[in-house]
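Accompanying notes for the structure given below.
Chain IDs A, B, C, D, E and F follow the sequence of writing; residue 1 opens each chain.
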Amino acid sequence: MHFESLLTPSVLFFALGMFAQLIRSDLKLPPDLIKSMTVYLLLGIGIHGGAELAHASMLEAVPALLAAFGFGLLIPLLAYWIIHHLGKLDRLNAVAIASHYGSVSAGTFLTAIAFLEAMAVPYEKYPVVMLAVMESPAILVGLLLANWVRRQDNPPEQEANQHLPVILKESFTNGSIILLAGGLLIGDMVPDNNLQAILPFFNQMFMGILCVFLLAMGMEAGKKLNDFKKAGAFLVSFGVLMPVLLGGLGVLVAHSLLGFSAGGATLVAVLVASASYIAVPPAMRIAIPEANPSLYLTLSLGVTFPFNVLLGIPLYYQMAQLLTKG
Amino acid sequence: MHFESLLTPSVLFFALGMFAQLIRSDLKLPPDLIKSMTVYLLLGIGIHGGAELAHASMLEAVPALLAAFGFGLLIPLLAYWIIHHLGKLDRLNAVAIASHYGSVSAGTFLTAIAFLEAMAVPYEKYPVVMLAVMESPAILVGLLLANWVRRQDNPPEQEANQHLPVILKESFTNGSIILLAGGLLIGDMVPDNNLQAILPFFNQMFMGILCVFLLAMGMEAGKKLNDFKKAGAFLVSFGVLMPVLLGGLGVLVAHSLLGFSAGGATLVAVLVASASYIAVPPAMRIAIPEANPSLYLTLSLGVTFPFNVLLGIPLYYQMAQLLTKG
Amino acid sequence: MHFESLLTPSVLFFALGMFAQLIRSDLKLPPDLIKSMTVYLLLGIGIHGGAELAHASMLEAVPALLAAFGFGLLIPLLAYWIIHHLGKLDRLNAVAIASHYGSVSAGTFLTAIAFLEAMAVPYEKYPVVMLAVMESPAILVGLLLANWVRRQDNPPEQEANQHLPVILKESFTNGSIILLAGGLLIGDMVPDNNLQAILPFFNQMFMGILCVFLLAMGMEAGKKLNDFKKAGAFLVSFGVLMPVLLGGLGVLVAHSLLGFSAGGATLVAVLVASASYIAVPPAMRIAIPEANPSLYLTLSLGVTFPFNVLLGIPLYYQMAQLLTKG
Amino acid sequence: MIGVKRIELVVEAIEKQEVISRLESINIRSFTLYQHVGGYGERGIPDAGAFGEKFENVTFVIACSENHLQTVIEALRPILKRYGGMCLVSDAKWILH
Amino acid sequence: MIGVKRIELVVEAIEKQEVISRLESINIRSFTLYQHVGGYGERGIPDAGAFGEKFENVTFVIACSENHLQTVIEALRPILKRYGGMCLVSDAKWILH
Amino acid sequence: MIGVKRIELVVEAIEKQEVISRLESINIRSFTLYQHVGGYGERGIPDAGAFGEKFENVTFVIACSENHLQTVIEALRPILKRYGGMCLVSDAKWILH
């Protein structure tokens, strides 16, 4: 598996995008194309998952949902502790970064799906629901942590809280969740024969569009790579080692608590190990204006994202195989 | 049929879009994506219709075309009379609104196609041609009405007419007509085997892309819903009752004069009952700057459009069935 | 073949676009849609070509590559001589125009592919690689020519050279090359069964998306048609006769030196005869600010491009057939 | 550096072509144009949504000499009268090339 | 032509809604809005890439009378304090319709 | 409120990077940038269509102190010389945070 696994089109397109950026090609994909592909992919993965779940019992999903929620709440705390106490980064920047790791990267998740499909590895469908569930709780934790930090530092300040309800509401109704959850519901509710007419678009095109999306994401990651130095050695290592730690944790929980196969465990690992670069950055920008956006954007988009796409996914799959076979 | 008919993906996507807007999600579809989908859908419906018409005699289309033209000329007069005389709205606003109802909404028409396809109801192809024909005449009537109103109110003014030829020319060469008529012609002219290469794109993707389009249109309609109050009780009822009246008229004409089946009559009803929100608003903005755009946009996009998509289409189909069976 | 060949959807869509522009319809395709389609088409043609070449020996490609390189270097010199010495145009404008003809138009190339596919004519795959190779050398020649002209006219000027390395680097790493070469590599490297998942998107949609692209390009060409008069009789004739001359040359070389079939020779002719309107214009704008952009844009986009699409391609194919049969 | 007048005209997008024609008619052929401009004014034109680009504003910035100013304003005034909009004039220095 | 103050406010896009609310709260309902504005300032917010539209700037141009100026500035200052940005005020003449 | 100079520079998009480099070379790191700016000038660069974004204009707005003005202008002048464009300077007040 080792080397050929890198020869899936999706990974190659990602690499092509990074390469184009590194040689400073003038290649540009229209930002609206990237957003459109995101809409398509979230809807597609939702509909596909929903259609599969229609045949399953909703009860079976409960443990997966609880696990997702738990991850969303605990990862930020763990990450905060590591960044602030081990890394000696100031508290508000630590909170902002930590919050990103508690949420998820749909791009990484989709790459993992492409990886499993290319290797013909079967996987459970619940991780798609976990993807939707894990989007927001980490933002909530980030807000509470930031408030707690501020209260420790200063006398209680009124302005700080003022944005809280708005941000919270926004994070639980953000576009990605609507698309994913909407897709899941529609895939679940619509009778199979009514769904047929839309599957050529949402299923057959999926892998091709995912490739173009990953080309774009490779370019985005490549742009951020240049900011490496600003982040410093500790944070860059954090961006690589933290996903490995979290990925291992994910595999463990997926295998032992949820009873998932190697494929499903790989997907859970990717959810746990990936960091958000769509929903969390703007939320943190409003909630913690004191924090430096280039730190959290560089880490999530420039370090952890490419690490996961290029190395993390096969690694988590190896871990999952070891455990499920062992 | 009653409830399941709402379980077509297209209607659910529309509802998802309205829902996202109502809970004020930050979900946004790039405007250029929406325009691109419009281009695709108009071309696709044109090519499809043209290919079907290639097997038919052009003569058979004449009555349908005449009916379309007649509707375009008469509906604005009827609507003007109702709005101004029953609703007591001032004359220029009444003209502007009336003009919208004489034209058509391609989005509603496509939803009706999806509805019929999902229920496996056959339908005539002429309504596609009627869709192209009905786009503009109502704008012409609107311009003439506005001039007549102005002449009654004031001494003849020169400036008022100055824009007339420009607006007319624009309304008869507008983008939607080019795409629809162009698609019809190409579908008609190109030999079947040359057409094969492009059908995977224009046919198989159609329903999927229509769903994403309706998601977007649901959001657009949802945005306008908030302006309900500004429109007032009379206009809102007009926006719901007028389509029912017009839909009934459409079914009647399609059945008795054109001899259409229940499917075809439903499509005609939708043409008659729907109001334009693409071509007519900018034409009225130039022709009648005194009129208030939020009135006509709210009515056509915020009231009549969602009414037709969610309730009108199944209703017209019921009417058509009654009549064709009776 | 004569007339029916014009009845391929791609040519009709191009004509529809020109027609919409000539009657000044307000039809607009979002620029980001056009750029997105370009990305798709370049990737698609690359992947397709790469997958085919995977079965061929790389050695066989060498003569084709050398020919492409040679064309890129020699055409600008020939074109410069004709424009400056026969047409009496000033030297810097002559250089700028000449450079466009040495490079290629991917849009024309794709139309030729559609033409051959519609007529079921087989063709070699090497021209796709030639397409990638011919993008840049003409820019290099243009820069050197411009410098030589400037040195003849003035005492050596420092500023003139300052941009040279930047422009060169940009022209050899420009987006089109990355997409084409990247697609070729991925198509070549990825094992066939891994490629299956992305082919529905990159292959089946190809002809349909090409049609929408040509609709857009017809509009772009139509816009430039109005500038005809500014270009003058000599340049307009040049824009029509030069491609015929170059197309003949291309057919000759492809047949006698490369041993290509009629299909492959047609494609080579199109590469030689077409003029760039994406990569070269901005390069010339920076390199030769003294030259008038409306001259080279009108010629390449408004004259040569539509000539090739509507008449050139069937003509080159006729030439190729004569030669290969003779 | 020479003193010029900086005219900043915000009008609805549908009038773009008419502004350009009116400027040409008084021989003004240099201007800078911003498209997709949002805004809210007296008549509160709503955001017309995805198909609303014809309801957006455009901004023209025109630098002209003091003694041309009056001509330009008179050329533009009918548009402001008919469809509203904003036109600001301020002083600026033009940096010679 | 009457003299007005031209306020040019550049802030991050995420604050767009708050600026509008604050303007409404002091009864300013007319403004011109430029979106997708780039920029670089003290805090050097990076280009956040394809998903970064919430990190872009927006520019508000507000023409108001001299005696409203202070109210507008006081309404906007808290935003500038919290998230930075630029606010320039200059003199202009408003062309009456 | 302190007095500043407002520089408004309109140049072709292909020169964006060079303007930024030149500003950095004189330690100006704050500016506001408008992209996709249209315009028509002496040399009448045509609208280059769908692939013409490199032929569009960009606008830089730079607020700087009066005594920096000359340095900035001298840094920008070579660009104006070579490729044309417009550079306006006006007076403004900067609202302190």
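Basically, a residue touches a chain if its C-beta (ideal position, glycine included) is under 8 Å from a C-beta of that chain, and two chains touch if they have at least 3 such contacts.
For clarity, every value in this text was computed on a predicted model and none was experimentally measured.
Any chain bridging chain C and chain D, meaning touching each of them, is among B, F; the list is complete.
With centres defined by CA atoms alone, the chain at the far end from chain A is D. Interface note: chain A and chain B, two copies of one sequence, contact each other through mostly non-matching residue numbers (shared numbers fall below half of all numbers used). Farthest from chain E in terms of Cα centroid separation is C.
Of the two interfaces, A-E and E-F, the higher number of touching C-beta pairs belongs to E-F. Measuring from the averaged C-alpha position of chain B to that of chain C gives a distance of 41 Å. Centre-to-centre spacing of chain B and chain D amounts to 35 Å, using the average Cα coordinate of each chain.
The set of chain C residues that touch two or more partner chains comprises 29-30, 32, 35, 204-205. Among the residues of chain E, those in touch with two or more other chains are 34, 36, 44, 90-91.
Touching chain pairs in this entry, ordered by label, are A-B, A-C, A-E, B-C, B-D, C-F, D-E, D-F, E-F. Within the complex, the chain C residues that touch chain A are 30, 32, 35-36, 39-40, 43, 169-170, 173-175, 177-179, 182, 185-186, 189-191, 194-195, 197-202, 204-205. Here chain E touches chain F in the complex through residues 8, 10, 34, 36-42, 44, 57, 59, 73, 76-77, 80-81, 84, 86-91, going by the rule given at the top. On chain C, the positions that touch chain B within their shared complex are 4, 7-9, 12-13, 16, 19-20, 23-30, 32-33, 114, 117-118, 204-205, 207-209, 211-212, 215. Per the touch definition, chain F reaches chain C in the complex via residues 12, 14, 44-55, 82-83.
Residue ranges of chain F in contact with chain E, taken from their complex: 1, 4, 6, 29-36, 61, 63, 90-95, 97.
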